[in-house]
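What follows are several structures.
Both of the next two complexes hold chain A, though its partner changes from chain B to chain C.
Take a look at the complex of A and B:
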């Protein structure tokens, strides 16, 4: 927000136009009214308020009730929904933390791969070679597909008994069918693999944009100092990419923590709810069992946790800078 | 000078936000109408009306219903019907929401096991008063079907059809293994003998889905009833599927996999793919989904029979599509009369619906020569006297699909202790049942 559009600093304006007679209301056309900025912001605020602010606050309200949208009576239960989530014997607490574990595991397994592989890819695609544009498009292509398409596609490929991948493996002499979608650890291999294949193109493009902003003079200087390729990468590329890395890390952590479609469509939470992620469990409790108050409470806990994680990201990468 | 500061504005926005929330909270409170249905004649002859009809007939059954509606409108030119089909899962979320916000359709079709839930939510109307007008008589229905629309001493729905889980069998596979394709097994000994024979011919005879929620759960349901068990106690507040009968049922399902009669890690689509490619002999499933699906495969030689008796008695899971009248803020006598006219017509002409797969709920139609002409449907009809429905407990469908079915699936994937698996699920289900009883009891 710029200072000149804010009220409370009229001195600048007066100083700039000394010859002007004392202002009358309606002022000169180029002098913004105090509420002008808010009028400009209004369209966004309206949408933000309707789709973010009101749902967020009403969700908090909901989480304090035993809330079923379709029933007229929604008794106030105070913090009971939250207390239930922290009562070790309570069933819902076990299920919720089990689903948080699944989400956490997915983040831990997928984020490093989604940070490293796209970076390597971006470095390759930043070289000059024939067909570079083609390859950039190819690696980005899966990202434009919707999660339902991805789910259906990989369902056909990974199916244990009738899938294409096991079919080819059998022809290569693998006698035992691999339960890609029904047993650990294969479920995690499948989910992480599919997600990496699907979304690495996006991270690559962000890295690529960052790489193109690195000043060539820095590499020249490093070469003059006798730095080899690896040293150039560590001492020039990485520090220059730090803001981009922070962005990619934050976005990837949030995206992975919100994973829903892949496990919903591919594994349906199997085996033993091992791959039922937090969002999936929240949807089941809130939108299938209609225990909306409880689901809202879980959503708030998840959101709080993600805010903390994102804040830590920022702190961690900022400290290194100083 | 203006005193409009950032702080004031933020405060104003905050207040507006809270007011919005309050308004939203007040606004979305269900407006449960107290309107009563007017008395209406059996045949509507007033000015033209267009009725709104919602259902979940998004598969091959949708076109069949639309054809019937066209036929009805030809006979009753003053009643047009706008049919809106959306996937069942969405239907059960949107239908109550539409009713509570005053945008209800005139009538709808829903599953029998969702009727009590929607009655407790007060989004559908008791239909006792229009029963005679529509022309429903107790003698025309099986007791289990007749009773399936009655909740808290009132009738809420009119049964259209029944879709009992049945034994679909691949005749060519049976024949190639040296079994009689005209005599599918009817009891446990014969069934296991057939599976053994198929196994020695290198065929897994009964691909048992461990992942598809419908396939897994409903097979267990039928077996639980066959072994003499019940899912829930009479009050609907405690789960009893972990009893001896439940353990026997699940143990037998695991045996199918242990003996190699079913591959491991089967999904619902695997089983039917294998069946269609002559790699699977038996499928347990409902006629609504399977008759038209299998019928569309060229060169597939199949037939269907009632489920074999594995336990101590015969029993088969069944569902039923039932018509309900949506609650309106204010009932229009003309529209309601038109609804009643349509319901009376379609229930009397439900033979037309049988081509979609399910068999008519009305017994005189079930015994009619027209049904005998539909080979598969008439074979399904042979087993209807043994059908079982889920009990009429609000919220029961969610207890089944979110707790029992996943537990069965897990036990079939891991082949772990069936008793332990069912015990955990029993605790979870009883907890949710009690919460539901309290929640819906207040309504």
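Take a look at the complex of A and C:
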């Protein structure tokens, strides 16, 4: 776990606060009982311990075993599950890295668009005009529908033979049907496009809050200095938005790396497992084939990668803030 | 939809002497010219069509016959309107859509209540009391902020199975309720509450529990609402976990249930779209009423993070 690398700021803040109230007030208040804080913490710690701390350790333990849900024997195999994942000839290694490639590709293709398009949208919504609240709600609406509605809807719209998208393309004179859900590179266009359509409202709302926090005086100062709109954007908006940008970046990278539903519902991992993401493969191996030790090993490998990425982001963000 | 808008208080803007008059016709309140306003609304209109057209198509298809659903050129108004898609679904015992909707709402509400209760109670001593082990607890909570949820997938499946919770809603309500983000988020807010308020209550003889319930929680409505909304949205949209821990059609939540329609109805698009519409319409109506709060909640999550 990465806890040790983090600045302990919140705790220090408390320590610097005035001393415990009872000592300062001479009245008859309750004496602080030593177990009070633990009573407050108990319900959370019970759930946290059972479903976060214990699994974090037992998952690691599982990954060191040939742990099959349906077999009585779950022999200890040491690092064999991990070694298998790095053995180039092993089928599971090939499939795992293929799924990692799919996840990586999705992150690389989707994150820039999920950063840029919502920013543009937020700049648009940050203008003063009538109906702002209405449009903001419209752009956010797909997000509340959830991935299953989105998946059902778009697998129909993007259907190669009977979908609306190809229907209109045909009207425009595109005679050959585009295989949106069955062939590369179209599958990636579809997965990224649908994800942008689904979640762009969410990111723009986060951006919008950041934009509204930018001090107008900074823009006025820039205007006095003769900065045009673009220069104001580059020299005022972007630097002021930096913490929000990093927050959105971290969240979006994690969300894209966790991509599951879109592939599951739209392409089912096709063509030939090319869009089967890492999460999809882990779930298949662990919860369909019940080779849970191996699946746990894959989860840890992917998690390690993501923890490094998001910890770097977080530290960067903290540094810039202070 | 409105095309040009003249906001109140925008009479004739004083023309800058250095600029040509035509270019100076900018709106004082918005800093935009007429052309700018037109472009703005054109962009908003196009984007709205991109967002709304697929949803309208879903609705339209749900009232079509299977033949019309795939006919070209596309017809936005069903040529022969029918309720077939809906009646087919409602007659199907394997697809109890309203039950799924109810399950999703129940799971979401229980999950949210549990998150709010446990996270706020845990955040209070972490923010406001000194006790042995506080740093360790806080470090553990912060540490898990960075651990992606799928790490817990395999072991939690076994734990939930061991507890006899597979195929019950407890598998969805409880394991995800330990919200490290929630505690972290509330600790930050609780620390900003002036200590004097607590001291005053202590002098009045209140104990820590009373202070928490009567002073701290009422002052924390906004962050609690934010956390509640984010928790509900998270539970509502959760797809992978319910897909694997629920089996019986009666137990499914909406996302897991809808996924089964794809296999069961394949290209019977009116039925599939009827299912999607039943899942969407209550949510969209609710969202229309509470959108301000949802959006404010999401916005605040970014600023605090």
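In the analysis below, the second predicted complex is superposed on the first by the 275 of 322 C-alpha atoms of A that agree within 3 Å, B and C clash if a C-alpha of one lies under 4 Å from a C-alpha of the other, contacts with A are read in each partner's own complex, and residues count from 1 in each chain.
To be clear about the criterion, a contact is a pair of C-beta atoms (placed from the backbone, for glycine too) under 8 Å apart; a residue touches a chain by one contact, two chains touch by 3 or more.
Keep in mind that what you see is a predicted model, and the values were worked out from it rather than measured.
**Student:** On the A-aligned overlay, A:145 touches which partner chain: chain B = first, chain C = second, or both, or neither?
**Tutor:** second
**Student:** With both complexes overlaid on chain A, does A:302 touch chain B (first), chain C (second), both or neither?
**Tutor:** Second partner only, chain C.
**Student:** First (chain B), second (chain C), both or neither: which does A:241 touch?
**Tutor:** In the superposition, A:241 contacts neither chain B nor chain C.
**Student:** Quick one: classify A:192 as touching chain B (first), chain C (second), both or neither.
**Tutor:** Neither partner.
**Student:** Classify the contacts of A:45 with the two partner chains as first (chain B alone), second (chain C alone), both, or neither.
**Tutor:** In the superposed model, A:45 contacts both chain B and chain C.
**Student:** After the superposition on A, what does A:135 contact: first (chain B), second (chain C), both or neither?
**Tutor:** second
**Student:** Just checking: does A:102 make contact with chain B only, chain C only, both, or neither of them? Give me first, second, both or neither.
**Tutor:** In the superposed model, A:102 contacts neither chain B nor chain C.
**Student:** Check the contacts made with chain A and report whether chain B or chain C touches more of its residues.
**Tutor:** Of chain B and chain C, more residues of chain A lie in contact with C.
**Student:** Which of the two partners, first being chain B and second being chain C, lies in contact with A:287: first, second, both, or neither?
**Tutor:** A:287: touches chain B and chain C.
**Student:** Where does A:162 make contact in the superposed view: on chain B (first), on chain C (second), on both, or on neither?
**Tutor:** Both chain B and chain C are touched by A:162.
**Student:** Between chain B and chain C, which residues of chain A are contacted by each of them?
**Tutor:** Dual-contact residues (chain A): 6, 8, 10, 34, 38, 45, 50, 53-54, 58, 69, 161-162, 287.
**Student:** Going by the contact rule at the top, pick out the chain C residues touching chain A in the complex.
**Tutor:** For chain C paired with chain A, touching residues are 1-2, 5, 7, 29-30, 32, 37, 40-41, 43-44, 47-48, 50-52, 54-55, 57-58, 61, 69-70, 72-74, 114, 117-119, 121-122, 124-131, 134-135, 137-144, 146-159, 174-178, 180, 183, 187-188, 191, 195, 198-199, 202-203, 205-208, 212, 233, 236-237, 239-240, 244, 254-256, 258-259, 261-262, 267, 269, 272-273, 275-276, 279-280, 283-284, 287-288, 291-292, 294-295, 298-303, 305.
**Student:** Considering only the defined contacts, which chain B positions touch chain A in the complex?
**Tutor:** 1-2, 4-6, 9, 13, 16-18, 20-21, 24-25, 28-30, 32, 93, 96-97, 100, 121-123, 207, 210-211, 213, 263-267, 269-270, 273-274, 395, 398, 401-402, 406, 409-410, 413-414, 427-428, 431-432, 435, 439-440, 442-443
**Student:** Under the stated contact criterion, what part of chain A meets chain C in this complex?
**Tutor:** Per the stated touch rule, the residues are 1-4, 6, 8, 10-11, 13-15, 17-18, 20-22, 24-25, 27-30, 32, 34, 36-38, 40-41, 43-45, 47-48, 50-56, 58-59, 62, 69, 121, 124, 127-131, 133, 135-149, 151-157, 161-162, 164, 167-168, 170-171, 197, 201-202, 205-210, 213, 244, 247-248, 251, 254, 257-258, 260-261, 264-265, 279, 282-283, 286-287, 292, 295-296, 299-300, 302-303, 306-307, 310-311, 314.
**Student:** What part of chain A is in contact with chain B in the complex they form?
**Tutor:** So the residues of chain A touching chain B come out as 6-8, 10, 33-35, 38, 45, 49-50, 53-54, 57-58, 61, 66, 68-73, 75, 91, 159-162, 177, 179, 181-183, 268-273, 284, 287-291.
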